[in-house]
Amino acid sequence: MPYINIKITDEGVTPEQKAKLIQGVTQLMVDVLHKNPATTVVVIDEVSTDNWGIGGEVVTSIRNKQKS
Amino acid sequence: MPYINIKITDEGVTPEQKAKLIQGVTQLMVDVLHKNPATTVVVIDEVSTDNWGIGGEVVTSIRNKQKS
Amino acid sequence: MPYINIKITDEGVTPEQKAKLIQGVTQLMVDVLHKNPATTVVVIDEVSTDNWGIGGEVVTSIRNKQKS
Amino acid sequence: MPYINIKITDEGVTPEQKAKLIQGVTQLMVDVLHKNPATTVVVIDEVSTDNWGIGGEVVTSIRNKQKS
Amino acid sequence: MPYINIKITDEGVTPEQKAKLIQGVTQLMVDVLHKNPATTVVVIDEVSTDNWGIGGEVVTSIRNKQKS
Amino acid sequence: MPYINIKITDEGVTPEQKAKLIQGVTQLMVDVLHKNPATTVVVIDEVSTDNWGIGGEVVTSIRNKQKS
């Protein structure tokens, strides 16, 4: 019955990667907590780099500095 | 003063349905908890079926199996 | 498959009221969106009035003013 | 190490405003709680006015009344 | 930079199990998305069975039926 | 109408600090986005250090290393 919410920046995550995240997190709940996978829910939120901050700085501007 | 977050897959939910969800949830807070509707906030998040998993499987692939 | 999170202050909510919230919200998903109740998850977070603010003010101090 | 999630309606928030929100909230964690900004994460969710309700009413219809 | 929130019922989860969840989810972000573990944040919310519903029913009463 | 959720570890945060967080975040919404403070909601979640991970490590064990 667990509910897991994964928040990541929307930087080209593929459907295959999302499927792996969902499988992997669900399996972890089974392995560690013996939860029933049938009612384990995983929701992935992809967030624009304009809307994510770390260290007080917007990720978009962090990425621009990394590129230059 | 309650805050309610509804997460659903983005499978053609209409504005009328969203209005009914918001009305219904707010009324429930009034009926059950005697909350003030004026400060009851409801936020609906519509999530791509690629980003929702149940039973370790992506909803997009569950939907594809249901169709075939 | 919806996931609903209800956040309310922890001001004496009874188990019966929680059961009514869970029943009511789940039924709303069935009525409005034709969702499967078996995989509809509802989580209620009860939050201390010290940790809830509205209008820039802590609910604890709003409640104290209402009492006096 | 704080995590802050800001939910607002998607009514023309500019990248400059988002940067100010991220800076301001992070600075608040430093000033009030002496937190390390380097691991303070801020995520802004912009929500359609169709998906936000207050007082049991959808914000889209509140905005339409305000305009007329 | 991912943020992962795990919500589970508070049914005797040990510190060792929590550590395994945190390690496992963080490693998954590294393996699947090549994320930096140093800024990957995991928060586990343990929720009373009175406050969790599935299928319109409170988990406390589901557990009572399973025992009897 | 914004909703802000602040998640921090439960390491002795005082009611005065919580009041400052609520005031400060609400004022930020007014200053940056011209939001109405009367319907701005702030919820603070205090999380056990056993339930918070960063860098794949539980904060409780990070704190123990810092002390020793």
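Read from first to last, the chains carry the letters A, B, C, D, E and F; within each, the first residue is number 1.
Everything below uses one rule, namely that a contact is a pair of C-beta atoms (placed from the backbone, for glycine too) under 8 Å apart; a residue touches a chain by one contact, two chains touch by 3 or more.
Since this is a predicted model, take the numbers as computed values, not measurements.
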Partner chains that chain E and chain F have in common: C, D
Same or different contact residues where chain F meets its copy chain C, judged by the half mark: different
Angle, in degrees to the nearest 5, of the Cα rotation that carries chain D onto chain E: 180
Maximum centroid distance from chain D, chain identifier (CA atoms): E
Geometric centre distance via CA averages, chain D-chain C, whole Å: 21
Length of the line joining the C-alpha centres of chain B and chain C, rounded to whole Å: 14
Where chain D touches two or more other chains at once, by residue number: 1, 3, 7, 21, 25, 39, 41, 43, 45, 52, 54
Pairs of chains found to touch, sorted by chain label: A-B, A-C, A-D, A-E, B-C, B-D, B-F, C-E, C-F, D-E, D-F, E-F
In the complex with chain F, residue positions of chain E that touch it: 15, 18-19, 21-23, 25-27, 37-46
Touch list for chain C against partner chain B, complex: 1-9, 13, 17, 20-21, 24-25, 28-29, 31-33, 35, 39, 52, 54, 59
List of chain A residues in touch with chain D within their complex: 7, 45, 47, 50-58, 60-61
Chain E - residues contacting chain D, complex: 1, 3, 39, 41, 43
